[in-house]
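First chain A sits with chain B, and in the next complex the same chain sits with chain C.
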Partner chain A sequence: MSDQEDDIILAELDDEELVQQMFDDLYDGLREEIEEAVNILLSREWAPYRVLTEALVGGMTIVGQDFRDGILFVPEVLLAANAMKGGMAILKPLLAETGAPRVGGMVIGTVKGDIHDIGKNLVGMMMEGAGFEVEDIGINNSVEAYLAAMEEHKPEILGMSALLTTTMPYMKVVIDTMVEQGIRDEYIVLVGGAPLNEEFGKAIGADAYCRDAAVAVETAKEHVARKHNQATA
Partner chain B sequence: MTSPLQTLLAERDWLLADGATGTNLFNMGLGPGDPPEFWNVDEPAKITALYKSAVDAGSDIFLTNSFGGNAARLKLHNAAKRAGELSRVSAEIGREVADRADHKVIVAGSVGPTGEIMVPMGQLTHAIAVEMFHEQAEGLKAGGADVLWVETISAPEEYAAAAEAFALADMPWCGTMSFDTAGRTMMGYTSADLAALVEKLPNPPLAYGANCGVGSSDLLRTVQGFTATGSERPIIAKGNAGIPKYVEGHIHYDGTPELMADYALLARDSGARIIGGCCGTMPEHLRCMREALETKPKGSQPTLEEISAKLGGFSSATDGTGDNEAGPTRRNRRRKT
Partner chain C sequence: MLPDDKTLTEQGFSDVSSGRVMLIACGALAHEILAIKRLNKWDHLDLMCLPANLHLYPERITDAVEAAVHKHKQTHRNLFVVYADCGTGGLLQAKCAELGVEMVAGPHCYSFFEGVETFAAHDEEITAFYLTDFLVKQFDAFIWKPMGLHKHPELRDMLFGNYTKLVYQAQTQDPALEEKAKDCAARLGLAYEYRFTGYGDLASALKAQAEFT
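This part shows the complex of A and B:
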């Protein structure tokens, strides 16, 4: 046991230290440690929603910031998201049971012809890490597939992703159809993908272009808050 | 045996590659989301016209219409089984165009990424990646490609898998990565990392470099990152013609032919030997690039300030290489108490 002094006994940390440790462990993508820590907090009578927001969302926010700032890249974020998912799997059934407040929902998928789903997956994971309910409808989605998923899941947000010059115009096909059917304003439409830019997002009628997964989360939160304010105004 | 590209590289200081495939095919009526590779069989006249437009504009090298021609991507269109066939036909059409050209032209068999993440982060194993790239490589070879050309790669594992497949097909090759995230690839790979990787491969590429990404300024910083390592292997620069805009139902890249001519000169001055465009680069851009390269003498390596003054600013302050790396650093690892 030569490395004994390096070992951390999670159960021996107080709440504040444990949450700090979870931030580090999420950052390092340590799934088992996150699962253990979530269970410890629950056993200390933390509400599932508090574990989600203070520990997991808090930790993933740091990961998102460093991804946005070009310190972490896709491999590290995938590891962090995997650790986060371990914790989420424990919390999800408990959140439903305890009637925790909803942050919001999102339907997300890559557009027709585009199989490149790495960015889309990252956005989905980071949105879950921020407490959103994410319905991932995968790759190669037709207008009909997007509309059916929105009808079924009634999300606040529609997220579309495209990586190729040959597939990005399809986003406009989807938005135009939403306008025709009179449902465009019921949804916040966020678009993303390597070749896109803000001007492109505006030109096709999206609510916002999101440069990366961290920006997608920030943008989603802003727009959902604005929508709620409008609804209560 | 010396490959035609090697011979050409020995004869000339610089070579002009081609421009965009997707953007050009769009202008010929390709629908959003439709697989460009189907046109090799369904619309061969348009593919001939695409290749010919690059050759007529002065390209010494053009890439075949097979970027998405691997099983992983064609699966989406229920055509995974056609990977070999569509790749072969893309090269056959290319061979015909090149053989009829009035100057020596290299047919480069384009191989794009699988779109999947490799193990351990993702599901794609090395063996399957090699198998998919090999299938495409054999098709391109059978169709008469002079060289294989893997592009827009972000993961070193995928780059190495392609190299291994090309060895199985016994073909010379070139390979570029896309540095689109704070000067690195999406996976965090730097220009210096790639320069080191290519020398470690058992069958190193004839040339390596960067394509696509965010803008031509960033791409040239990447090229300078390669040369800063002391790399003597020929370097490829294939940058986008500006950024995409949506204009009247079409994607339009906003870089002018004059801008791309400046880019070509700066690319050569930065150390690139093979210079071309990527998304948005049309025949008129290539013509201006060719004219500039032929009429202007090679200059000294431009500073980053000179690049941004002519081509626009950089997308990030640093690119993860060199001594300008005073930027942000990774947080501490697991806390030790």
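This part shows the complex of A and C:
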């Protein structure tokens, strides 16, 4: 960061400039600056949901796009996510109080045998940012753990993640069990992880493969909207 | 002569003389393949290594191997791909089947060095992070720097917090490397375990190629 940027006083920026600065600060993974900016926007009577969507999610979408295009790499994305987390921690209790719109619910976790949760955490955070209620059941989940979480939280979406070639077939075990139990069609099943691809997603009977967190959010929104339309048709 | 590890990581390597069997391999395996060749006097095995750092972008491995197969099938009667699945999600195996070339079995070099069956039996080891001789030597280039830990050490627990131990699978007995591996474990905040594997299934896979021709 240049000396000139060091001199920026966030509170002196107008709203539009501040949001642009937040995009830059998210991109640079500056957690304290993001927390300060969130508090400034709230003090200017911005609704928590507006801060979330216009500033944080807007900024993270740019980070996601540049990750997809190979401009940013995992460390930079993690720093950005950490900065967003700081902002989310301020907004979360306020969102609950102010009744922000709920888009849908999601249970998400990595599959049995897999402890790699960076992608899963990013998806969970971006989904929360997009208005989904996310129940993160962590790492190394058995089929029983997924089913229990779905039974308890009744989400629209089940998200499964795997980084290893050896663990990704377990997604099919979960989906097959859902079919056996006659509950497969009650859920939208989204899968993701580095070694997966669209063909694999189709082959195991998932609704969609999502190549990154931004795609996961868009795919989730489309599928939930379609489901709601079918329900009301 | 084998180039240094930096060259193997970033550029790859080619040692072609016999024109009979071409091994298309990962640069991270060059030392081991040449050692096995030397020990057995398998001079009819040629070797070309793709850059080891392709592992940082596993989605690029299949295309790179395919290009190498097309290039060398003009000059060699038999080709053998010395990669495991290596994070390609089965795509490398499918591509090799389509091209009519064989490859090493298993998900990673960690598994074939230890023996694919033995490795698969380690159900309790899902929180183990593995290093081979090459990866110990290239720890900074392969892990520390690409993960951004040289600039942002605070990311360590986000990246490695779910791991509990580092297992050094040693192909050679080298006290200096073992010390370095211990240091790698300490830097990642993980417990350390030493496991001598030798060349494992890699030796038998190359033997099958050497004797087939």
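Simple rule for what comes next: the second predicted complex is superposed on the first by the 224 of 233 C-alpha atoms of A that agree within 3 Å, B and C clash if a C-alpha of one lies under 4 Å from a C-alpha of the other, contacts with A are read in each partner's own complex, and residues count from 1 in each chain.
The rule is short, and it goes like this: a residue touches a chain if its C-beta (ideal position, glycine included) is under 8 Å from a C-beta of that chain, and two chains touch if they have at least 3 such contacts.
Every value quoted in this text rests on a predicted model; they were computed, and no experiment measured them.
Overlap between chain B and chain C is detected when the two structures are superposed via chain A.
In the superposition on chain A, no contact is made by A:177 with either chain B or chain C. Between chain B and chain C, B contacts the larger number of chain A residues.
By the touch criterion defined above, A:197 reaches both chain B and chain C. Contacts of A:111 after superposition: chain B is touched, whereas chain C is not reached. Judged by the touch definition given at the top, the superposed model places A:53 against neither chain B nor chain C.
In the superposition on chain A, A:39 makes contact with neither chain B nor chain C. Applying the stated contact rule after C-alpha superposition, one finds that A:165 touches each of chain B and chain C. Shared contact residues on chain A (touching chain B in one structure, chain C in the other): 73-76, 78-79, 113-118, 139-140, 164-166, 168, 194-197, 200. Residues of chain A that touch chain B in their complex: 5-6, 8, 17, 20-21, 24-25, 27-28, 30, 62, 66, 69-76, 78-79, 111-118, 139-140, 164-170, 172-173, 194-197, 199-200, 203-204. Per the touch definition, chain C reaches chain A in the complex via residues 58-59, 85, 87-91, 107, 120, 123, 126-127, 146-149, 151-152, 155, 158-159, 162-163.
The part of chain B that touches chain A in the complex is made up of residues 20, 22-23, 25-26, 30, 32-36, 72-73, 75-76, 115, 117, 121-122, 154, 178, 180-188, 214, 243-247, 249-251, 279-280, 316, 318, 320, 327-337.
Partner chain C is touched in their complex by these residues of chain A: 73-76, 78-79, 82, 113-118, 139-140, 164-166, 168, 194-197, 200.
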